[in-house]
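Paired with chain B in one complex and with chain C in the other, chain A is shared by the two complexes that follow.
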Partner chain A sequence: MHSPDRTVQTPTGVAEPIPLRPVAKDVETRRVPFRGAGFSPKALWYVPPLVFLLLLAVWEAGSRFGLISPLVLPAPSEVLTAFRNLVESGMLYNHLAASLQRLVIGFVCGTILGTVVGVLIGLYSLARSAFRPLVAAIFPIPKIALLPLFIIWFGIGEGSKVATILFGSFFPMVIATYGGIDAVDRSLIRMGQSFNMSRAAIIRKIVLPSALPAILNGMRIAASISIILLVAAEMIGAEYGIGAYVLLAGNLMATDQLIAGVIVLSMLGLIVSWLISLAERHFLRWRN
Partner chain B sequence: MSFTKTLRPWLGATLMAALMAMPFAAAEQAKADDKVVVGALRFTSHSAGFIAYEKGYFKEEGLDVEFKFFQAAQPIAVATAAGDVDFGIAGVTGGFMSLADKGAVRLVAGVLHEKAGVDGMMILASNKAYDDGLTSVDQLEGHSIAMTQVGSTFHYMTARIADHQDWTIDDVKLVPLQKVGAMIAALKSGQVDAMIMVPHIAKALVESGDAKMLGWLYDYAEYQISGLFTSVKNIEENRDMVERFVRAYARGIADFNRVMLAENPDAGEQEEMIKIIHNYVYQDRPFEKAAPPILAGSMNLNEGGAMDVTDIEKQMTWFQEQGLVTKDLTMDELVDTSFVETY
Partner chain C sequence: MDLEIRNLTHRYDDLDVLRDVTLTIPSGQIVCIVGPSGCGKSTLLRLLGGLEQPTQGEILEVGAPPKGSLNPLTYIFQDFALLPWRTVSGNISLVLEGHQLGKSEIQGRISDVLARTRLSDFAGVYPRQLSGGMKQRVAIARALAVDPAVLLMDEPLSALDSQTRELLMDDLVSLWERERFTACYITHNLNEAVRLGHRVVVLSRRPGEIREIVDIDTPLSERSADSAHLGRIQTQLWEMMREEALTADRQLNDA
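Entry: the complex of A and B
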């Protein structure tokens, strides 16, 4: 913009240089409104609840006036009643306790195992050659398709349920971890080596901290997959559990209970995501 | 390209004209026929519809039937409620009752009914439980029993057995496993003690030594397992079509019962009927492999599509007492008794 060689097409078709300064000094300076800013949407705190409430109001009104048939979608008030029944009967506690136990055990074991295998793949040629094709081969198998086999391998008790969640969180963790290690800045490693750091120190002080954001991100995905798989896990012989509750509601076409259960699952997802954000803030505070 | 584009309507018009000019009566009849979509499962228990179709009974009633195949009965009921399907067959389950309660579907005829002496649902014990002393149905109390889902026909059947004996359904441990495949896996590996199963699968399990037979369900409950349903809209606005469909379907049932359940069947006729059924059921197997399970899976169908409303009411009451179906549901919402004989 500041180039003095700017040219402009004149009616004669000959390009002439534009004079940099107005020739006449008395020419009035043109006032120009400020054209900057904008293009930076901000979150307005009061809008999300308003949109949510508006949506609920429209939904409720639609159900009340018969525009939305109960077959298509139950009214929010019915969902609320179903949810209240769930709380008042004490079943919510039973369901949540059963589900959380499965989730925590499956997710923690899956995450730890996944991270360990991922680190091995990221650091050692032998582990990389051995495990990477295995992970690629087993990850895409839908675990639900293997349910009959899971019953025989792990039984119809807690074993098969925990195993389903464990498998679900293991693979994304492996991939996220070795992906994170692969992406560590090599020049940092070279720097460590030139400072004569030991291999263990390089891994501990450079590789793992650099891979941590990717590992935590993998955890976020693994947690979501675990919650998704909760419903599949509780297909097998579960008396209690949010997944079992949602399945039962679906089987009985009790759509109000179905939506109530789905909301509980979604809340669970939000809480887990918030916990991981906290972990990120804590473990990655060295970045700021 | 624009040449083809301008030509296409002309081609279409010419074809239309040619079609309209066709003097075949068949073409005219097809136009007059009511289009009916039937939701079906590839089960032997759905055979009456296939037979009525292949033998032209639907055509004779002026119905142009098209089958849409599903993996489970409940989605058929949902699709019927949504208007994508006109007829379906479903077990009288908690899910079906909830849909009926929402004013979407209604039973119009009976299909599958347990009948003493005709192979039906079998009660099986796992080898492990059998060795440990579970050798008769009387000893089921306190054992674990596999089922597909809470509110399924299996759930209700177990309740009926309990009812017949001196215990209640709370005295057994019911294990919901969602799929028949999972039930079989759990029984084979001895993780559940018993289950109730359709005859062709049950017989195969007993023959291969993977399970032991305890008895037939009909000794404990002769009950209405499944029925033919349609949408309330069809009943109210298209009554005549429903009547014709039920009539043609009942003819299919009559043929099926006469040939497939006969004590001394006419071999030629039976083979011909199995061939018809094989067009829809076990298509992935050659005829020789498909014929035995089709024959073994043949269960008693309600003659004339008659409906055991006494039993259906009993089922409804049970589901309501268990809190699986709302108390608001009435028999009038669940069944329409004006199409077939009821008892």
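Entry: the complex of A and C
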């Protein structure tokens, strides 16, 4: 009688399967309730354009019916006109060219220098001991506070503006880079050593690729800080530049131009972050 | 090439990890080292390959490594240690670059070891696409690519599930049958030890000392998972370790 529970021995000795649910009639049964729903938000592709359109429609309608004063907030159509004027007069090119030049020079130099210093801190005890406290002390200073000092040092022209952006992007890069190197899986380094790889090869082929995601992340932060500093720097003594344009529009109470300028800044930010996403997709394809 | 450990004692600050270990790893044999966790067996392996320096005693390479060996003492790690941004062949190429080999020589070695480990179809695949067992096969292929004299294997099957472990054990046995490699194989799994070891060395709990050396004469290819003889040896090893493991389990982890 060692037959499993699911069969019963009949008098003929043939095992017959017993019914799956031998539930007595008077016993209450109910389905197990499902409790695992929620907590997994998804992006619905059709919602963002709808939200944008709805917002614009409400805004435009409010302006047309006089609910929103044109001085406080001009209608979207007026902003569009201001933007068209900006393009057609050729001023957009002038402002953008000036801004992009400052941004690119400051950001590129700051990023490269920051990465180099970050790598040194990540690899060498001397650099680590020397630079890390300095970085810790200087990083929290809002770089805008240093702008007046930079104006004294580098003049009111391009020098001080570029220096502010450079400084602003340098520190997040340093911190992201050495953080990335600190987080490199030591077992991979040990593997490199165990195969007699040279120190230079270990750095180039193991350490830097490992730290690359952190470095790119640092670039993202550095880029957004750079745009903030760009606008701030352009609000002091700049003839051209999106920041100067926005400031002038504000002084003239030309809110349509002001908002057109702000939209250009938003686009600039989006484009920069899109470029970094492209770089991530290219360099980190192995991550999926 | 043999590997000889002479009167090795190792200490981290005040903590004795290994005490007076003397052992030879003879050419062409697999020496398994077993012991309770924290007995210093992984430390012993790091010392063997020169990733750490012994406090006292010495480790000697006896005899010349095989001609053309790029890295006589080669590790196989528990966590595979593959670079996720390199493909299978890229990971093998990593350890061949920097040896002044020509491009075609590197390519030749890569396709040779991939064929020997039956991985040829996976040359262009990234590690994340592979199962644990396949990752470890790649790591074995990488180790073979440098023509090692001694393979230093640090619990190579511990990160795998038990079915994969069986499969890889078979692979290692047939690999040994073909290539007669020399290996020092660290494990806490006694079954692996009796299946793969020509010689099983039992370490005591910390500080690790050699408690017993058991030679197993049955050829590797004739050892099966359900052999009674191996079962007896395994039980015997477990009896030796049981007390040690129990005490080690209760030892505070201040290392």
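We take it that the second predicted complex is superposed on the first by the 236 of 288 C-alpha atoms of A that agree within 3 Å, B and C clash if a C-alpha of one lies under 4 Å from a C-alpha of the other, contacts with A are read in each partner's own complex, and residues count from 1 in each chain.
The rule we apply is simple: a residue touches a chain if its C-beta (ideal position, glycine included) is under 8 Å from a C-beta of that chain, and two chains touch if they have at least 3 such contacts.
The structure presented is a predicted model; accordingly, all values stated were derived computationally and were not measured.
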| item | value |
| --- | --- |
| Which superposed partner A:Trp286 touches (first chain B, second chain C, both, neither) | second |
| Chain B versus chain C as contact partner of A:Leu71, first or second or both or neither | first |
| Partner chain in contact with A:Val116 - chain B first, chain C second, else both or neither | neither |
| Touching partner for A:Pro209 - first (chain B), second (chain C), both, neither | second |
| Which of chain B and chain C A:Ser187 touches, first, second, both or neither | second |
| Touched partner set for A:Phe195, first chain B, second chain C, both or neither | second |
| Touched partner set for A:Leu247, first chain B, second chain C, both or neither | first |
| Chain B versus chain C as contact partner of A:Leu134, first or second or both or neither | neither |
| Chain B/chain C common contact set on chain A | none |
| For the chain C and chain A complex, residues of the former touching the latter | 49, 51, 70-71, 73-75, 77, 79, 81, 83-86, 94-95, 97-98, 126, 128, 146 |
| Residues on chain B engaged by chain A in the complex (per definition of touch) | 74, 78, 81-82, 93-96, 98-99, 102-104, 149-152, 175-179, 181-182, 184-186, 188-189, 191-192, 324-325 |
| Residues of chain A defined as touching chain C within the complex | 187-188, 190-191, 193-198, 201, 205-206, 209, 284, 286-288 |
| Residue numbers on chain A that touch chain B, as the complex places them | 69-71, 147-149, 151-152, 155-156, 235-238, 244, 247-248, 251-254 |
